[in-house]
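Listed after this line are the structures, all set down as structure tokens.
You will see chain A twice below: alongside chain B first, and alongside chain C after that.
And then the complex of A and B:
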């Protein structure tokens, strides 16, 4: 239950820069999600906070106190490992008990028992307490590993893709439960995931990690509505945002012999981004629309994702299943909603200001 | 259709039978010899008690009578030296192995792998090469024929083996499990005691057994470094063939006794040899 400040964290493995000049500050009790592709440095950041990996340079503060030199066992951090890292020679109960019995914690036996029962019920592993890890399925092991991180009060709780290997039902229900539990415990939490849906569902704030740097740190709404650059924009959202390059000084977008008048854009604009939900698709010729060919369709329950080849672009479109049935190779017409476009400069940075 | 003439199966059985003959026959021979009279031993290969020869207790009367004190002393020394030196070798070996598995060392041009090889290389040369020098060293510091000296010698000789075996076991323990123990609030010593050692248990047991066997069966070190007081069982057994001819009946009887302690050690340590100890800890 500490506030956390990461100041210019850098981690090198030989000549490889895993984390470079990473800055992040969060309040006590906040739920922070580190969102990024594999290899972006999410796990490494957590390990630096726990001091499992040694900092190359930078400072870490808990509650404004510099903790760079405090060893792992005295940092009072809890962590769920991506690899689970259970103690295979002990039962699930002993695994959960171990952090509660650590020297100096002095948690009364009754409270230990209550805490174990609470997380066991939360994670639906109460019936597994007397089994050993080798007798559990992969998903059950992951829940035990999550349980070991949640069972005790900690300054900071670090969860490294803690529900990645659970089945869809549990993953969905646990997202809500985890958030609820975190509120109740007022536990400052860092949570990593490559899945933006998971991130937006659970986070107070999302830190988008790319190449070992925080590209954007904001609430899920802001990250979605005002992505800081093109890379952030394509990580947040599924399917990913359509990015269209602009000719310098262009006032219109030309695709397949049709052209669309662009809204007034600042002169430095280099790319526009349109989310798949913000493109309308028509089966018949339509004014103010560009022509394209259906490349592939993916029905997903009540929605569908359609990828359309338009000129040199492959555009993602997400629409309701009721919009129509599209088949591969079919000619369709597309109309972007100009009021929702994102504008980026030539280097990919977001351009501020309204363009509509 | 399955052929009745199953070549792989037959080959397997033949190989097993040959191997079994080599494994079991010496033991069988030793046991029947221990119950033979002198005449039955030297008159020819008699294989079947009651058919070929009449079992006798001549040798056992010696073992529990006249030679009892010598044998007990050898047995006691062997037990003491083997069990204690194996224990020390395993404890020290575990420390060294943990270090070699987890940290990076550089002494001059030597890095971890070179150090490992350097340590194992102590076992490449036959002990007879080193034993003369060892004798000189021991004589200088007055360790000849002393229990402490023998334990030291066996520890020295077993340590490379235990380091070699245990380094591999330590490397196989996922680092994340140790990190988890640190996160859970335990210092390095507790991490090793509560997590690393239990998970290295199959290795510790195997290393202990192999060290124990070596010391138990050693002849050359005991021959050179002991006279009377610290004689081990192999020396006692050899002395039984003194003077005119080997007294096979007696040697066989003591041989049977010499098999029992290592057998017990295997039975006791077998339950720690659970190979699956690491299963389920990580993804």
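And then the complex of A and C:
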């Protein structure tokens, strides 16, 4: 229930820079997702906020108050650990109870019981309350760990990949429930995940972490529609965005003896990016299309992902299953939708302005 | 036929363990003395034991040595283990230093401490005189003599407790303790709610091993007070030794040994029952820690 400001956070492990000059600011009650590949510094950022890891430099503010020197137990943060970190000698109920009984909380017994009930039902672990962690499956343990973080009101709730090990059904239903629950509690939440679908589904704002830095911090729509650079663009979206290099001053894209006229681009343009859903695929020769060979197909329910070899490029295309049936080695024709392309400069930064 | 293959170790075990035990048992129901032959006297030796003030004192002393010594060693060892475990630098060096007393043969330990505590010429007495304090009869007063033995035994064997508990601490997962801090628990509560229960398997193993060893306390007492003054610091092993080999009363000494054996077996079994109970309730992680610990060879052969 606090606003949070991270100012130039830096964390070194020996000579390794895990977090370098990370800045982030969020309002009270916001749901922030830290999105990034493994090793990007997501967990470390949470541990710095909880003071489990010590800052090398930088400042952390809760409600505009500097809390650098406040010890973990007095920060009033709640955290779900990626490794669960359950208390192995205690039952699920005692695990959930422990944060409610910490000194200074003074939560009446009836409210404690009600809170435990509430999260146990939310996470579907009500029937497991008298078991010990060793008697639970991995997914059940993860839910207990999540429950322990949600059970009490905290200034900031830190959730480190809290639903990564649940089965698909529960993962989907919990995404919505979790967002709703945290909104209802008006809890400021930091949530990490490497999965962009999860991130866009649950976040008020996404912070894309690459090499210990926030590359982009914006709403899911903005991160998807206007990725700050090529790396962000390839993390957000599945399959990843197609990136095509441009020759300096090129006005057309030549692939397999065919060429496509490019829209007018600024002179510093170095790459264009096209999302897999923005390329049309045809079984027969088509005007204004380039030729390619199907490399692999992945049907996924009502959709399919087709990878096509076109010249030196391997392009991802995502289309409805009803578009047609494609087999490996088949010749196909591709037509990008130029109105939706992303343009990046030689260093990979997004070029602002409309090119369509 | 295949069972024959285990015959050699069985024979060996029989020869060095079972036969001496049966021999002692046989001896304990006779009045055999060194150099003379004895005759069967039934349970007379045992009956006599229970009215023998020396024996009863030795029996009580042995129990007290175990209870007081092991208790002191456990808490000191645990304290040291927690302290060293929380150190950032110099862990290796301090660990080595703490283990030193355990590496010294008890004979030397006894001699060193006897010299230290000598009420006329010892450096401790010198220190007291230097500070204008009254000299303390460390070894010649019955109560102080007893306390001195407990102090020396604790000095020598706290490192053993430290080693086992420190190893136990290192096998505990780190994250639950981080989680407990995040959940707002104080160091005190973290210790009692998490560290202590999770360390319980290692604690029980350490206490069991030290208790059994303590029952056989001999060398330190032998060298420091020789059981005196007036039998005030005697142990059962010491008494058995004096009765059998100094006074030559083999039958009576054998009966003492058998009583000691029975006491150890009964108490060790009781402790093991408690351990099993706790193990059945303990979580898998703790059990694995204990299994791992018991499977590892002891770093130092227990004297």
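Operating definition for what follows: the second predicted complex is superposed on the first by the 356 of 356 C-alpha atoms of A that agree within 3 Å, B and C clash if a C-alpha of one lies under 4 Å from a C-alpha of the other, contacts with A are read in each partner's own complex, and residues count from 1 in each chain.
The definition used in the following text is that contacts are C-beta pairs under 8 Å (C-beta built on N, C-alpha and C of every residue); 3 or more make two chains touch, one makes a residue touch a chain.
Model, not experiment: these values are computed from the prediction.
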| item | value |
| --- | --- |
| Room on chain A for both chain B and chain C (clash or fit) | clash |
| Partner chain(s) touched by A:279 [first = chain B, second = chain C, both, neither] | neither |
| First (chain B), second (chain C), both or neither touched by A:19 | neither |
| Contacts of A:72 with chain B and chain C, given as first, second, both or neither | both |
| First (chain B), second (chain C), both or neither touched by A:141 | first |
| Which of chain B and chain C A:133 touches, first, second, both or neither | both |
| First, second, both or neither for A:125, with chain B first and chain C second | neither |
| Chain A residues contacted in one complex by chain B, in the other by chain C | 50, 52, 71-73, 76-79, 81, 83-89, 98-99, 102-105, 132-134, 148 |
| Residues of chain A that touch chain B when the two form their complex | 50, 52, 71-73, 76-79, 81-89, 98-99, 102-105, 132-136, 138, 141-142, 148, 165 |
| Residues of chain C touching chain A in the complex | 173, 175-176, 178-186, 189, 193-194, 197-198, 282-286 |
| Complex contacts: residues of chain A adjacent to chain C | 50, 52, 71-74, 76-79, 81, 83-89, 98-99, 102-105, 132-134, 148 |
| Interface residues, chain B side, partner chain A - complex | 174, 176-177, 179-187, 190, 195, 198-199, 276-283 |
